[in-house]
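The structures considered in this document are given below.
After this come two complexes, each holding subunit A, first together with subunit B and then together with subunit C.
And then the complex of A and B:
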């Protein structure tokens, strides 16, 4: 115990950890308030907020899965190259050759799980009526998170660059081509014109923006890779921060019905 | 406030326009598929499906024998169809649409027959298909004369 005391008193330790040892109510509060990770949770919450049968911790599980996907995804990036020549082979190599290739499987299963869990979380929020004031805005933030989750799953699906992903993305982006006004096959697309010429064509519509081309090509692969690994995760983390902050500001987890 | 929103608007416009490519490379859309005499037997010629996404079809229609070029792309959501010799049908692997030899949609979610490419005869009876100039078939839309060659 002497050693422990010595460490606790050392300048190095005290420069990093400012709070006293959590011994009583007051010091435990100090720990939560001064620790970056712990302060995400309130110092005190009402008893029902930790009842597992109310939230099922589904939002928490969704966030946990997001962290798992981030960590395993960064590892996959060490081998995967998003080009037509390499993508498919690198994916096979990750599965069959790389040591602990299970990271690819974890990333894939985790992605499926995240989509399911986020939808279940939404269902829980709906069934407990937690979308009602003052939580309407956090519901909207939630919807954005749902869309980001779907888009992360969709962009990741192309990266193995096999037949399944090629045609799934062909189908998915063709559906985007039927967006009202913005897709060249959508209703109202012919209304938007400039100087008598149609503005929304197969070469300028939302589908073209997604694909970077008129078909699923290597450009698409690169685009989806950047979205999947950088743009969408950044946005998702930003909105998660807003989401959690709002849970606090809206008075914590909603009460039982 | 006005300044901030103008900067944000400008930024949104710049990034959006940046994300839309100014030019894309495409394969040549006109290709010479062979001589007329090579397509005399009625049936489907499948050899251009993988490379150019078209079916060449010699078919009997309104008392004539015609050579036509269908786009192999499914009219539902764009997967490549497959030819099934056993069923005498084109099948789409994605959601199960089926088309007969004339390209008519038989089953599944496909809303219309397979699109047809225009084609013409050059010197020496060479057949040229233009994969970029296609025609959408549908009720009350008669086939344009440059979408088939009478054999």
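And then the complex of A and C:
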């Protein structure tokens, strides 16, 4: 006890943690107000909203899984090189050589879990009618987050560079080639011409934009790597920030009027 | 004996099964005791005695299975005749109809189904059916592939959550029918509690549980890694990642421009503008079915009846050449399903005894008149479906809806709903009437 008090009173401790120990109503309020992470929350919240049977913690779990994916993803980036020569071998190395290479498993199953949990979170928001005014815009942000989750999972699927990933991405991106007007196999693409020449060819359509090539090649691997590790996570975190901000600004977790 | 229980027979599948049976026996026994105690207190409803009795019975069944396994080493399995019957009677149409039927039953009979009386059976019967099916090697290897486990998890989690949410909704609907606020709106529930400690401890607990589960999953299943990528060797079948397999399955029923691009785009757009279509304030913030039955039914049909179902069909029922296989049918023998285009126009002209004009050569673009005179049945049908049907409906069933939301919202909502409904209709049209195109214009590529 003595020791604990001395630590709490030390200059070092007080310079890091400003608030007093959360013991009574006042100090507990202070904790939530002064802590960076906790200040995402309001200080007080109605009782039904903390019931597990209301939100089932699904939004929070989705965010937690996103953090897990970030940490394990950074670990994977330490070992992984997105080139046709190295990608697959780095996977083998992670499996067979690297100590605690298990973070590849955590990353993969965590991604699956996140897709599932985000879909269930959407179902929960729908079933409690929480998309209705004043939360309609936050629902839109949510749908964007759902799409980002799918694209994050999809771009990550290519990175092991094995048969499974290459052909899954081939199947997925072939559909983009059938986009009306903008894909070279899509209806109406021959109607777009410039100076008598077709505008949309296998080398200039939307599928080429995705793949950087007419097939899934090393260029694609690089593109998906950049999307998966930089562009999409940044967007996802930005939209998450907006999402949480709006949950607060729309009056906290929904409840009956 | 104990040794055999801990390290059971050579094949790995039964070893896990035995453990699951044991867990099932324990869970049911605990539930029997708990509901039994509750029944003793609640003397006003003697019939509830059936609840602990049912749990006890399931516990006993699992125990008997375990006992029999100890002496004979056998677990209950489905007889070959039944498996063959299941395989031969399942096809895309029957799978869809059974699943939609189950959803319909769940929503319509939600009150008896979520009651305490039904609960033991709702949890145990699917579990036992699944365990019994798992003794089949084909089925077991199908569902135990690492990437497929996630899909099982998704189906189980979604169904569990749906059931739980429906129980809460039924309870709230009863409150509202009696003129009381829903549970979430009761006075005590509206009181404020402090985030520290009431919320942060729940969050901490959730994080610990999720971490534990994720670590267990990762320790017991290694991430798949197949042969190195080889552009010269196409696997058969080549499947998209599981969350997009539903769209790949749509390719059976629609051309790629619809299945891969237009349908997902329009439905995502519909999902986004949902709050602007169903925009009445109130009725939000609590589980309920009766206060918004139509929106809920439509959404659940889209979520479980289409999105989830198509993923399950694509992942578990499609084998080489994307042919349909029953759950116990080995994937080794490839089937080839040849489907010639059978557009509606040719069926109609056959019906009225006119020789059907065939689509022309792609090199010679047909005139719009030629296409129109050939494809009028399909185009007319689409026109009737998307334009005349909403107009006709607003005189009857959707009259009140239209008055409430106004013209623009009404037509947008009806278009999106009918567009979603086009998917099941097209599935049935193809599987039952063998018509795979409503409008067939291969010369231009705009076939529907």
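Here is the rule we go by: the second predicted complex is superposed on the first by the 241 of 257 C-alpha atoms of A that agree within 3 Å, B and C clash if a C-alpha of one lies under 4 Å from a C-alpha of the other, contacts with A are read in each partner's own complex, and residues count from 1 in each chain.
The rule is short, and it goes like this: a residue touches a chain if its C-beta (ideal position, glycine included) is under 8 Å from a C-beta of that chain, and two chains touch if they have at least 3 such contacts.
These numbers come from a predicted model, not from an experiment.
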- Task: Have a look at where A:167 lands relative to subunit B and subunit C in the superposition and call it first, second, both or neither.
- Result: both
- Does the superposition put A:219 against subunit B (first), subunit C (second), both, or neither? first
- Note on the structure: Partner touching more residues of subunit A, subunit B vs subunit C, is chain C
- Message: Looking at A:12 after the superposition, I want to know if it touches subunit B, subunit C, both of them or none. Which is it: first, second, both, neither?
- Response: neither
- Query: Thinking of the overlay built on chain A, is A:194 touched by subunit B (first), by subunit C (second), by both, or by neither?
  - Reply: neither
- Query: Which partner does A:36 reach: the first (subunit B), the second (subunit C), both, or neither?
  - Reply: neither
- Is A:208 touching the first partner subunit B, the second partner subunit C, both, or neither of them? first
- Message: Quick check on my understanding: which residues of subunit A belong to both its subunit B contact set and its subunit C contact set?
- Response: 167, 170-171, 174-175
- Along subunit C, where are the residues that touch subunit A in the complex? 147, 150, 153-154, 157-158, 161-162, 164-165, 168-169, 181-185, 188-200, 202-203, 206-207, 210-211, 214-215, 217-219, 221-231, 233-235, 238-241, 243-244, 247-248, 255-257, 259-262, 268, 271-276, 278-288, 291-292, 296, 299, 303, 444-446
- Query: Which bits of subunit A are touching subunit B when the two form their complex?
  - Reply: 167, 170-171, 174-175, 203-204, 208-209, 212-214, 219
- Message: List the residues on subunit A that touch subunit C in their complex, please.
- Response: 22, 25, 28-29, 31-32, 38, 41-48, 50-54, 56-57, 60-61, 64-65, 68, 84, 88, 91-92, 95, 102, 104-106, 108-110, 112-113, 115-116, 119-120, 123-124, 126-136, 139-140, 143, 147, 150, 153-154, 157, 160-168, 170-172, 174-180, 183, 185-188, 215-217, 254-257
- Okay, in this complex, where on subunit B does subunit A touch? 16, 19-21, 24, 26, 77-80, 93-94
